[in-house]
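Would you mind keeping the following structure in view while I ask a few things?
Order of writing sets the chain letters: A, B and C. Residues in each chain are counted from 1.
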Amino acid sequence: MPTWEDKLILPDGQIASYQQEEHTRKFKLVAEPIAHNILPEVTIDVLGYNGNTPGPMIVVKQGEWVEIEVENRTEGPTTLHVHGLSKPNTQDGRPPIEPSPKIKPGERFTYRFQALQVGTFFYHSTENFQENLGLVGAFVVLPNDYNTHQVMLPDRDYTLIVQQWQIEQPELGKVFPGTYKPVKFGIQPNFFTINGKCFPEATPLQTKFGERLRLRFINKSSSSHSMHTHGHDFNIVEVDGFTRTGMMDDTISLASGKRIDVELIANNPGKWPINGTKTFHQSNNGHTPGGMITQLIYNE
Amino acid sequence: MPTWEDKLILPDGQIASYQQEEHTRKFKLVAEPIAHNILPEVTIDVLGYNGNTPGPMIVVKQGEWVEIEVENRTEGPTTLHVHGLSKPNTQDGRPPIEPSPKIKPGERFTYRFQALQVGTFFYHSTENFQENLGLVGAFVVLPNDYNTHQVMLPDRDYTLIVQQWQIEQPELGKVFPGTYKPVKFGIQPNFFTINGKCFPEATPLQTKFGERLRLRFINKSSSSHSMHTHGHDFNIVEVDGFTRTGMMDDTISLASGKRIDVELIANNPGKWPINGTKTFHQSNNGHTPGGMITQLIYNE
Amino acid sequence: MPTWEDKLILPDGQIASYQQEEHTRKFKLVAEPIAHNILPEVTIDVLGYNGNTPGPMIVVKQGEWVEIEVENRTEGPTTLHVHGLSKPNTQDGRPPIEPSPKIKPGERFTYRFQALQVGTFFYHSTENFQENLGLVGAFVVLPNDYNTHQVMLPDRDYTLIVQQWQIEQPELGKVFPGTYKPVKFGIQPNFFTINGKCFPEATPLQTKFGERLRLRFINKSSSSHSMHTHGHDFNIVEVDGFTRTGMMDDTISLASGKRIDVELIANNPGKWPINGTKTFHQSNNGHTPGGMITQLIYNE
């Protein structure tokens, strides 16, 4: 019998591997400089976990303990904060307010805490704008007993992390190929990605007629994004890991720091955009189409 | 007996005329360059449908078929997408992802689909920032049987489309009269309109004491707008066409792509602003008062 | 027996003093230029009420009459609008639309109205961007009978007003000490405060294990802010003064003009950040940590 974990898909990314020891899942994240392609012709010198941005998706079951060893191969200190998941502040990754260490370059630290809440969360560095430069990843806690959980198992369960990047370009309206170091402050973003890829590079989501899909939208960026799937409505099932009922929408406003899980019924065959509705965000530096668009494609 | 259609009002705009044939309503939209006054002294060279921005409000009843012939008199290709209304992707107007054509300059295309959902929607071009330059309009699907529909007929039913424009001006704080071509990217907007007009040019909404008004707020712009009516509370009755209950607010956050239908009871006579709460948005290029403000005026 | 009023705390600000006469509470606000420290080394020449920004928190009981005498010691006209509270438009402070006066420099005006609604509101000037320059304050209406009110008395009740400031600085990434006059348009803010203070200057919130805290978040700024407390979840109890039930979140999207009241259970001892999640907003002109961060500290 398939489990919920078998259903999870992070397009253009990896599910994190781990070692299970009793009730603990042990993960390893290496924070390091990476050269990452948001488009075939645009490479960004940013930071990633285990070679990619967003980092690998961490998946645990409710009640399990989690250990995340973070190795810092970046040039400055780093930290790891799992946003939304309650845990002791020694493990929460927000120094200097919390008694949680800064991990110096070349050093390691292992965070350990129990995943008490079910839902969609994300992890990120809290140091010096590193989250704007790529140090972010999904963190999903599944219910520990699917059969009794009120939310039925979806046919497919996609996680989509939106990001935005401020990359110097001589002018708006076209894409200038090259390798760039994004501006860490990110006040004036001009490239917009889903799981690290601009349209048309984002790998489409697949479905079949009649399926029930879950989409987990995650936003750590500093803008809100209005996410929308053409031809389909969204049933909002969870916000920040908390159940919602009777809340249909076709466009969700995904504010900074929020996670919205929606379900949609695959009842309208074809090929469809899944996108942020802000016009400039549907471009690569003003060149359309581009940006924060991926696709939903029916196979039969 | 008055019908719901008799109650619909688009201040500073038109309800689209149509031809009824059996269960089909046939509309004609001409996308074309227009010179449009957002203020008496500020003309913008933009794009409109049938001579105005926003375009005429399309109104149909649930279950009816809709035909919209779009004639392209602009210089580039255009398309028409009705946001939020589910339909086959051949009629959804989002090439190249969908198998829906780009309409070349001088050409026409007729979109045909059934209006299966009740609610407030909007149509717009998806080509090359044309939606930022004026190619947007309201699309309302009324329930086909008012008597049995759970939402009672309002006394008046106003639709308000918010837009924003980036118009080059030598400095902030005053309005420089002239004719301008707005910057299509629209990243730094400095003029803000309701149904195409800045305050004080927006035509006020009228009411009488004791009436129940419905306001349909539509936002295709790339910012969120916090809409508010002084002296009155909002009962949110629909979001994206989906019913909400027990959801009162005095200020609604209208994110990009969203439609929020509110009702208010006209119980506080006088003259009142209806406005977006962002301070700069209540100005014309920084000159106050201006921008995204209209008025509610009681006639006894 | 302690009353709800005894529980109210405005960190880094004052509760407004008043004179009670029968069922009327009489307040006095002086709008005037102030030199205000958002950081020890950064002074801003702005406007305040009674010497501070935000102004003193006005507290009344539902059903009471309120008189607010506003004395204008600024250089331009001023007004006072209590956002969200319904009242006659002669007392609503939004000329020229409403028949409410502009208060000239050196003059006074007394607003008088009844507080019919319970909830969290705010007052502000509506003249010439004065609200961007500091003329804003909290306004809370408590239920007049705590014992029968459905929301139980919290152990502590904190009000947090977020503001943002555009202060000229030679470059991003550090703080240049000095005295500055913020740009009133506020389009490109670079300093972010809670009750007028940037991190680390904001006075922390105090709690004890087991307490139920109410946090009243108020946003008159022109951006939305995603407010979040590490290690704790939010139970949203009121939005714009209207009750919400069954609405848990860990991050609230506080749009311009909105007030969101949350409760949290102090069940996770230690020291925790309360912050806006937008990365740049957690800095002082790009210097981290800073900005829109305060702290929750457990005593015992």
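Just so we're on the same page, a residue touches a chain if its C-beta (ideal position, glycine included) is under 8 Å from a C-beta of that chain, and two chains touch if they have at least 3 such contacts.
These figures come from a predicted structure and were not determined experimentally.
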Homomeric contact chain A-chain B: same or different residue positions, threshold half: different
Rigid-body rotation angle, chain C and chain B, from Cα fit (steps of 5°): 120
Whole-Å gap between the CA centroids of chain A and chain B: 33
Two or more partner chains touched - positions in chain C: 224, 253
List of chain B residues in touch with chain C within their complex: 172-173, 188, 224, 226, 228, 230-233, 247-251, 253, 268, 270-273, 276-281, 283, 286, 288-289, 293, 295
Chain B partner contacts - residues on chain C that touch it in the complex: 81, 83-84, 86-90, 92, 94, 96-99, 127-129, 131-132, 185-187, 220, 222, 224, 239-242, 253, 255-258
